[in-house]
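Here come two complexes built around chain A, the first alongside chain B, the second alongside chain C.
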Partner chain A sequence: MFAKYKSMGLSHKKNMVGYAFISPFLLGFFLFFLRPLIQSIIFSFNDLTVTPEGLQYEFIGWEHYSYSFLVDPEFRQILIQSIVDMLTNVPIIIIFSFFAATLLNQSFKGRFLARAIFFLPVILASGIIGQIEQNDAILQMMKNPADDAANLGLMTFDIEDLLRNSRVPPQFAEYVILAIDRIYQVINDSGVQILIFLAGLQSIPSSLFEAAKVEGATAWEGFWKITFPMVSPLILVNMIYSIIDSFTKSDNELMEFIHNKAFVLANFGYASALSWIYMGVIVGMLIVIGLFYRKRVFYHE
Partner chain B sequence: MAQKHARGVFGNLSNLVFLLLMAGIFMFPLVFIIARAFMPLDELLRFPPLFFPRNPTFQNFVDLANLMAGSWVPFGRYIFNTVFITVVGSFGHIMVASLAAYVLAKHKFPGATAMFTIVIFSLMFAPQVTMIPNYLILTRLRFIDTYWALIIPAFALPIGLFLMKQFMEQLHDSLLESAKIDGANELTIFMVIAMPMVKPAWLTLMIISVQQMWNMDGRSYIFTEQYKMLPIAFQQIVQGGIARTGPAAVNVLVMLIVPLTVFLINQARMVETMATSGLKE
Partner chain C sequence: MSDIKTRLHHMFRWHRINAFFWNFMRSVLVIGICFLILYPLFIKTTTAFMEERDMYDVTVTNIPKHLTLSNFRLAFMLMDYGRAFLNSVLLSTMVSVLQLASCTLTAYGFARYKFPGRDLMFGLVILVLIVPPQTISIPMFMSFRYFNPLGFLSTGFRGINLLDSLWPYAFIAATAMGLKNGLYIYIIRQVFRGMPKSLEESAFVDGAGHFKIFYKIMLPGAIPIMTTTFLFSFVWQWTDGFYAGVLLKSLVILPKSLGSLSRALGMWLGRELGTQMVISPALTSQVNNAGTLIMVLPLLVIYLFAQKSFVESIDRSGIVG
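Then we have the complex of A and B:
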């Protein structure tokens, strides 16, 4: 970078600017995220009881952690289930949202409308609308997962037959069937990813495409040689976002499990321990993906 | 040449079919919500549900207006509360996140990478678990039962920093440097050069942020009726029971309008940016 051209004094000054710009964020971040996070570590090693004088701590060491893996009958199973869900959903979400964003970025009549429509699920998925709908008996009945499966099942069935009878490897066929079953869920979860990709596509300088065109590149070549490398950092961003989103949205089974432990059974220490295990798993997974992906990302300079 | 042209037509057609199909799936819930807002109560309660109202009526809107007029806290108060926290919260979130993202991406000062890593990790934590410690801190700051309990934590949401940093990284060092040589100070560079160039990014962030803030109900932090948010007010209306199904259907529609409008405006402006920001290379 260009820091090496500057004298020591200047680079010191530059650091000061850096700290000054970041301090509002850090202050808030420390107060509302980091401190609570650290406090939850303490919670996870204690048995908490609420007394009139406030929270009562009783130190029990690693007991919550060992209990979750060795004794709790549900936790391991739910944990594995949500990891499997994530591994199947995230690739579909990334491919779908990239594809959708590329289409939506082209100029065609009604593009404006099309984009608005693609963002609808994000707005519709927000908490308050769900809560209002909860009061609506009919909507509740419709939301019943069994019905949902029945609706989509009709569609899946034919394709399933087709795939089974063709000579595709069975694992691949299974994956495709799974993917079709999840179409609705995937669409619902890709709104923000589409937006991020769109914003990325918009920031590609059009001069690159013009130059390529002058040199005689086709649209296909332009896509793989310009568009794809230019948005490749955002694929990583979206991957991280999708993984986090799939792990932390409130209808995730494990999140419900933790919420239940914390606020229904009032076992706050145990819930904190579960969250830390869960976070450990997610972090581990992101590190693996990050290492794998880092070498393949292209940074335009 | 002719062959190429033919492929183009086919490509356009398949794009169109795909988009129409997707649009159908995406539109379904919205059309459903709009249609339900105009259904009389007997149609709302029919099973299997009707898709289009047979006797469309404005009665639900009238009922909702009456309920709103009858609430003991003037309804405008709820609207003001929600608009206020949405505007201040989103603006603060974007500014704080962008400032931090700018220096993280473009001033590699000591500790920058470590800070960003911690931010990423914090994104992954189950929010339920930080709720109680968070409450303790907000109590100590005396923010409980004020707007600040919702606004100030929103300033430091890590998602904004995460998103903005990726886009800030794509800014050209040469451009920032030449501004500096021309005598601009860091704040000017940030406001006049960096921010306009990543406009698509913060317009996107604004959409996400407004959508979150607008739907925030804040029930765990706000107890005084006068400070409560619109979602809570609507929930109170809806809790009147099955007879309130009509106004509830309108509520859903009303809650949708603001995030949807912000989205439409920002998307339109995003396209503009693309056309006007000539300076890139």
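Then we have the complex of A and C:
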């Protein structure tokens, strides 16, 4: 009886210590996250005007939401465009970063340098720098070797021809062409994903490969039967990261549109409604992907 | 016997050709990708050192004919670089130190304690990670414009204007709500989770308190991942234009002054030449490039020295588990 009481006291104390450790997060969550989050829901149902006395609310119900879909000439188009962009970019990013991580995981001369360079976009394309680069037409023209008809452009053109005339399904060919055209953007967006895959590849015990080799498996089989299943949970992690990254990036066109509505046109209510629609779409997509993926992942544990 | 020998010989040769082929393919790929990554940096550097007329000269490809530092001088002046640089150093250092502290504590709590509601609360971390800062940026702007944490208690008080200062950043960072903090918590938690329980238990038996165990025993093992987190948050804060756009107006920091550089250039040219003219896009691009370079240069220096911490420690962090 006494022992039970004592242990309860101990675990109670331990709980309190646990809460104490996460208290910075909890405090921030309620003060600087939940409160703005609820406020932004309220905003989205109101017409807001800034007056000298502070904010004036006028409740208008679902009007912002219906306006965005039924009246606003731009929003629907930009929303669909950004979702399509995301759906095309994310698979390319995943495939590329997996491929790059496999490359960097092998040992070859200059691997250290190659790693340093592959990871450079995390710095060089982040935040305002990427934004400036995107908006600079001259730089876009000069820096993208794929657009330069004099040299590499010709090559992508050749590849496009080759793909179109080969027997692969046309949709697939178009997708590959698209991927080639976007390679620069894809590389820029893949830094963290490469790291995550690299970490996964290095955590695979080499004994697995040795055993497979003894059993007579080829490198190709080893890749599909060992490497791929072992890193498959990370594909989900990277997919989620890429989706979130692509829609929280500040050079995202829809985000710019919303930001413009809020801070240039001071239409806070409408902007809040738009960002909630966008977030709803993204969360829906994440849930679908999560459910779809859950059944297909191999977990090592 | 000799048959086997020749066959072995063949196999060996085939193997070598194969290996050579793969090596070659790999080099081509790696070099190609490196080229794609470095080429824009190269272009930015060369155009930033050119005079404007070189941009229109078709015989100039990449290597400038007329070297000049004037683009850098312009960028330096129009960005208010000295002041912006100091403010950025102060801001990024403060934010990354505070974020590191708050995220490490939170991650440790989630990793090593099992309290009621833990999984639900970790779900909140994921929620913070998923909700884009843009969604809450408007109310956040409002709440710092009329800052009043006890808003429900005092109705007459209109609150303090904290915009245009470093206070909002400090509050957000100290409570693990900053840029990508959910990601940091997640990564650091994975490391703490991987540490053996026996370490903790033996220290506990020896009479060490909870905080002492954290500080003396667990923390040293997490130094590599903490270094990585610190560097990431420093770099991302350094280049972040989003919070700067919401929270700051007249306080200059580098991402803000780079973002408005082309506008500043237009205004300056208008003043100097006395006319409202269209600025050539070439010059704008050159000055932007120079500005970008002087902004990332400190980061490149850090990266050069800390590359190992950036790349290698995530490899070992067990982010996977």
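Note that the second predicted complex is superposed on the first by the 231 of 301 C-alpha atoms of A that agree within 3 Å, B and C clash if a C-alpha of one lies under 4 Å from a C-alpha of the other, contacts with A are read in each partner's own complex, and residues count from 1 in each chain.
Keep this in mind: contacts are C-beta pairs under 8 Å (C-beta built on N, C-alpha and C of every residue); 3 or more make two chains touch, one makes a residue touch a chain.
Values in this document were obtained by computation on a predicted structure and should not be read as measured data.
S.K.: Tell me which partner A:I60 touches in the superposition: chain B (first), chain C (second), both or neither.
M.R.: neither
S.K.: On the A-aligned overlay, A:S207 touches which partner chain: chain B = first, chain C = second, or both, or neither?
M.R.: In the superposition, A:S207 contacts chain B only.
S.K.: Could you say whether A:I80 touches chain B, chain C, both of them, or neither, answering first, second, both or neither?
M.R.: A:I80 contacts neither chain B nor chain C.
S.K.: Residues of chain A that sit at the chain B interface in one complex and at the chain C interface in the other, please.
M.R.: Looking at chain A, the two contact sets intersect at 14-15, 17-19, 21-22, 24-29, 31-33, 35-37, 39-40, 43, 100, 103, 106, 108, 114-124, 126-129, 131-133, 136-139, 142, 183-184, 187, 195-196, 198-200, 202-203, 233-234, 241, 244, 247-248, 255, 258-259, 262-263, 268, 271-272, 275, 279, 282-283, 286.
S.K.: Please name which positions on chain A make contact with chain B in the complex.
M.R.: 1-3, 14-15, 17-19, 21-22, 24-29, 31-37, 39-40, 43, 100, 103-104, 106, 108, 112, 114-124, 126-129, 131-133, 135-139, 141-142, 183-184, 187, 192, 195-196, 198-200, 202-203, 205-207, 233-234, 237, 240-241, 244, 247-248, 255, 258-259, 262-263, 268, 271-272, 274-275, 278-279, 282-283, 286, 299-301
S.K.: Can you name the residues of chain B that touch chain A in the complex?
M.R.: By the definition above, chain B touches chain A via 12, 15-16, 18-19, 22-23, 25-27, 29-30, 33, 44-47, 49, 96-97, 99-100, 102-104, 107-110, 112, 115, 118-130, 132-134, 136-137, 141, 152-153, 155-156, 158, 161-163, 166-167, 169-170, 172-173, 177, 186, 190, 198, 200-201, 203-204, 207-208, 211-212, 215, 217, 231, 234-235, 238-239, 242, 244-245, 248-249, 251-252, 255-256, 259-260, 263-264, 267-268, 270-271, 273-274, 280-281.
S.K.: Which of the residues in chain A come into contact with chain C in the complex?
M.R.: So the residues of chain A touching chain C come out as 14-15, 17-29, 31-33, 35-37, 39-40, 43, 54-55, 100, 103, 106, 108, 110, 114-124, 126-129, 131-133, 136-139, 142-143, 145, 183-184, 187, 195-196, 198-200, 202-203, 233-234, 241, 244, 247-248, 250, 255, 258-259, 262-263, 268, 271-272, 275-276, 279, 282-283, 286.
S.K.: Which residues of chain C touch chain A in the complex?
M.R.: 23, 26-27, 29-30, 33-41, 43-44, 47, 55, 101-102, 105-106, 108-110, 112-116, 118, 121, 124-125, 128-140, 142-143, 146, 149, 158, 171-172, 174-177, 183, 185, 210, 214, 235-236, 238-242, 245-246, 255-256, 258-259, 281-282, 284-285, 288-289, 291-292, 295-296, 299-300, 303, 307, 310-311, 314-321
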